[in-house]
Amino acid sequence: MANNDKLTALDLGRQDRPDPEIAAYFAKCEEKLGFVPNVFRAYAFDNTKLKAFMAMADDLMLGESGLSKAEREMIAVAVSALNHCHYCLTSHGAALRQRSQSPEFGELIAQNYRAADLGRRQKAMLDFAAKLTEAPDKIEEADRVALRRAGFSDRDIWDIAAVASFFNMSNRMAAAADMKPNREYHFMARERLDAGSKAVVRAPALRSTRVAAPMAAPASSRRRSRRGE
Amino acid sequence: MANNDKLTALDLGRQDRPDPEIAAYFAKCEEKLGFVPNVFRAYAFDNTKLKAFMAMADDLMLGESGLSKAEREMIAVAVSALNHCHYCLTSHGAALRQRSQSPEFGELIAQNYRAADLGRRQKAMLDFAAKLTEAPDKIEEADRVALRRAGFSDRDIWDIAAVASFFNMSNRMAAAADMKPNREYHFMARERLDAGSKAVVRAPALRSTRVAAPMAAPASSRRRSRRGE
Amino acid sequence: MANNDKLTALDLGRQDRPDPEIAAYFAKCEEKLGFVPNVFRAYAFDNTKLKAFMAMADDLMLGESGLSKAEREMIAVAVSALNHCHYCLTSHGAALRQRSQSPEFGELIAQNYRAADLGRRQKAMLDFAAKLTEAPDKIEEADRVALRRAGFSDRDIWDIAAVASFFNMSNRMAAAADMKPNREYHFMARERLDAGSKAVVRAPALRSTRVAAPMAAPASSRRRSRRGE
Amino acid sequence: MANNDKLTALDLGRQDRPDPEIAAYFAKCEEKLGFVPNVFRAYAFDNTKLKAFMAMADDLMLGESGLSKAEREMIAVAVSALNHCHYCLTSHGAALRQRSQSPEFGELIAQNYRAADLGRRQKAMLDFAAKLTEAPDKIEEADRVALRRAGFSDRDIWDIAAVASFFNMSNRMAAAADMKPNREYHFMARERLDAGSKAVVRAPALRSTRVAAPMAAPASSRRRSRRGE
Amino acid sequence: MANNDKLTALDLGRQDRPDPEIAAYFAKCEEKLGFVPNVFRAYAFDNTKLKAFMAMADDLMLGESGLSKAEREMIAVAVSALNHCHYCLTSHGAALRQRSQSPEFGELIAQNYRAADLGRRQKAMLDFAAKLTEAPDKIEEADRVALRRAGFSDRDIWDIAAVASFFNMSNRMAAAADMKPNREYHFMARERLDAGSKAVVRAPALRSTRVAAPMAAPASSRRRSRRGE
Amino acid sequence: MANNDKLTALDLGRQDRPDPEIAAYFAKCEEKLGFVPNVFRAYAFDNTKLKAFMAMADDLMLGESGLSKAEREMIAVAVSALNHCHYCLTSHGAALRQRSQSPEFGELIAQNYRAADLGRRQKAMLDFAAKLTEAPDKIEEADRVALRRAGFSDRDIWDIAAVASFFNMSNRMAAAADMKPNREYHFMARERLDAGSKAVVRAPALRSTRVAAPMAAPASSRRRSRRGE
């Protein structure tokens, strides 16, 4: 786990002293993903900074929430598209391809979520995330009301905001440091996962329905996804 | 070659009357690509419009030029990224992955060309295309001078401008009509084409060199690429 | 028809070899306008490029359409105003002054179409063209619906989009090449064409009605204008 | 001098009580221009407001300054073009056509001053006015230094700023009130004023020289133009 | 009243000749404020310019109007916040803290009026002022209608526009000249003026009500505030 | 420490279960500040989220760094000004007034850092933070080079980026939730801390020097500030 690669355009010195919590986390990454994401390795020059970043990222993307994990990746990717973030589009693009079980859907959100035929819930979710990204000073009560009308609770609104805001931070860290994503991401979840009949592709409304099924959290039941789910 | 799919959000009626020139062109597409690009099928309600579009696209992307074909795809993709164009990022993203012989490079330009470690020539080329896209009214002689200093002739500058301008048109047509790309593009040129040693990926300067080789036209010799090259 | 003037800031070499189709087209321009528009002379270094450009421009601005020719010039001019394009405001400004039979109306659209007291149809048309120009990535189904509600068919929407998109291309070519318009345009269609009573000017609603009459295509009948009309 | 026309979209009531100073000013307008500019008639519902506006406009555009009157009109028109102001482009466009003795030059600045082949002095002047219009919060000492290097004194810088700032006010008043310009402006100073040889038009550098001559104040001598000059 | 301080980044020479009207005005400033605002001292190199500026500022901010003086300061501060104007945020921020009798409210508007829990009238007023500041070319009849629906007369709309436009001028003069505010402003009206129970602060709706009371002009009665009120 | 106030526009339910680490942290806030910042109370519905946020904020603003604590507050405030964030301008504005020992300096940065007469180091620092805020996708190596030339190490660049990025997150959380700052902030560090002679105020260069002294970290010595310093 040497840190002698060029992960960023910054010379941040050597990794911080060994730390069992971080070592365990990295081992888990290796096991699950096959590699340690470069963003963690970039932060590894300082254990305090790395742990704070890991804790926040972990809670937001994997913790309990009224948003499904795929929905959170949709926000991550849509925000990163607006900010044109190479690192996050690569890494979270891969995650979205995987979680949505559709390589095309992942790419589509990375290109322009408005070209996706999203249902009302996810459209409202990404419209809020986009406005929060582009004009945070213009958010008004009407924007929160639109989310509530689309079925989100106030806790969900917090989570939408938190994920969108977090990527407005991460996108900027990646840009400032010129962070390079692990090459593996490029090749993850690219294979067609469905029967692939042309009919499905040709009817965008169907695709959206198809994708939405596994992604949408049951908003009515308000059962929250749990860690590790 | 039925046109009964939903290619766009517009109901443009049936295809225009059969036309041998178009039929031959479509046959060539099928042969080379395996399918007729949806943009051509979308225009097929009117032969005059389709032919004008085909003629211009063909000349710009495949005709003689001091820019290599890969460089022209770089412009197409970089402009489409700024305009967040789903159709063109999908179709020309595939073309760039192919022409650059690097799936990662194609994705990178589709995300943010400024994160690519481009050489001076291609950086200047895309900087001009980006400014022309975002602030055409602010182009000044200094912008043309920057291209000349990077080794481009005035004919090359015309071509850079023409490709960038063309995609500022096409991106808008695709957005206005909500044009859907052929599904095949998503899966084209995704495989790793190189030895794939991590070392290459880790050194962005090398990748840029590696990619530049097949892409860069020999600027000094000024030999222009020819049709069909 | 020597090409030794400075039409652009680019040195594009000599005109391409003689071509009968182009010669005929240029002769027709001389006959109708009194001169060959500089944009055609600028493209004349390459017959292929010139013909593709002429074919597209001709079809869009003069071909059959549910939009009147004056309406197409309105789009051309409104888009060129947003892009601050000297060449196109000069040449298509003249065309709009002529087609609308009102020098003031032509100028007004070249300044800011929102200051014109347009009827619902033309207001919706230019609102769409403006959004497509300024934020193509934010076009949504609601934007197409607004056009349909204003009486446009889907074929008309294609044409509105096509003209607006074309000028987003041409404006950029003119900016990139610093294209100079023929001086004659400045002096075309400047004379007062109406009785000129102050009453007419003072009541903008009337002027708009007056202008709208010759311009508006009969949307209900859906009869399309024909070439040469 | 009845005020029963529709000068703006606002119903501001009747004109204020007769006032000899205003009456004299309006009489002078009639004499010099042939009409009272609508902006003054729009303000005439309140003598205090009208006098304050007249005093400021008069001093800025006609008072003593190191800037020629034509240069001040250039700033007025360039700023109004950025703000797409129908009223000011019409009225000050006419003034610039007149003062520069070139209808084409007036139009050109109303379209995009960057397309004019301006000398260093006037280019620097309009670059400052444009930045002050578009991003006043980003003005820095370097911007003032650029003006000094182009030959402007600090008093001149004040005047450039004052004219640009004034039109950022007037443009907004005209937009807010939907102010309609006098029809006469459209037809003022449209005739060719020079010999009109094509050669002159074809060489933009020459035109710029030609125009610059009567416009440029003798910067070196620092003699200031006087009222009424 | 020597003018040898560095009020701006410009060297504008010495003050103009003594003038009794200005002397009286400055004396009144000293008496009421304790100092002469630097903006007046900056203009004092030219009596004509200073008087025109004083007359306009005075009428707009202190003259008769359907808007209360505090409301006019709200517009001044909200516009200056969008333009990030150091001078005007300092001086009119102080004025708003004073007129609203709430230091917190003054600061809040200087930060982002959308975070204030404004009533419908003042929200509409500042929304109009903000749009007029950011996109004057996009003002339409619908924007005026929104003000009328919020209870404003057409004369009030003129005043809203006039104050917002004036600060779009002043903000730019201050930026261009790098104008420095009097230090005294920083320390004016900072003290808590109310009982200061936490309960009040915690309930923004209450604060807004509390503040609105002294600020809102009685829109129904249409009695206009008078000079000196 | 009841959480029954309206801290945000969201109904996030009751506080999470008691947690000794958080209780200790809140007690320390009460001791040092006199209150618990509302942002922490807003996050207190979920201990995991609160701890992650506290850990990151604490490390960034108080941890070891080549940037002084006042410099980090400058970045916080300058970014929050660009994003017009009511909460952060209020809370970190107070912190900057305190750390810089100048209420005027704190306000100035909250208004527009470009109006402050900053030295080269801090000007470069805030220019980078501003670009990272407004156009993260346009950050290039040249931007990092500018920081190195101004004396920053690569570790410092990381910290500048990290603070600027963090506030791009926090500003958006505050906007999305309509977070209300503690009232106490408004009244903190408002008193004049210096002799207050007018001469000092009049000479901005001096003020900048005066302020810079306690704020600037000794860049040459590269000694890093430590926690608790």
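For reference, chains read A, B, C, D, E and F in written order, and residue numbers begin at 1 within each chain.
Note that contacts are C-beta pairs under 8 Å (C-beta built on N, C-alpha and C of every residue); 3 or more make two chains touch, one makes a residue touch a chain.
Since the model is a prediction, treat every value here as computed from it, not as a measurement.
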Note to self: Considering only chains that satisfy the touch condition with chain A, which of them also satisfy it with chain F?
What the structure shows: B, E
Note to self: Among the chains here, which has the CA centroid at the largest distance from chain F's centroid?
What the structure shows: C
Next item on the list: State, to the nearest whole Å, the distance from the C-alpha centre of chain E to the C-alpha centre of chain F.
Entry: 28
Next item on the list: Would you kindly tell me how far, in whole Å, the mean C-alpha position of chain F lies from that of chain D?
Entry: 44
Next item on the list: Among the residues of chain C, pick out those that touch two or more other chains and give their numbers.
Entry: 84-85, 112, 114, 137, 139, 178
Check: Could you list each pair of chains that touch, in label order?
Finding: A-B, A-C, A-E, A-F, B-C, B-D, B-F, C-D, C-E, D-E, D-F, E-F
Margin query: Under the definition above, what is the set of chain B residues touching chain D in their complex?
Written below: 137-140
Next item on the list: Note which residues of chain C are touching chain E in the complex, please.
Entry: 112, 114
Item checked: Residues on chain F engaged by chain E in the complex (per definition of touch) -> 5-6, 81, 84-87, 89-90, 103-104, 107-108, 110-112, 114-115, 175, 178, 180, 182-183, 186-187, 190, 192, 196, 198, 201-204
Next item on the list: Spell out the part of chain C that touches chain B in their complex, as residue ranges.
Entry: 9-13, 45, 48-49, 51-53, 55-56, 59, 63, 83-85, 128, 132-133, 136-137, 139, 141, 144, 154-155, 157-158, 160-162, 164-166, 168-173, 175-178
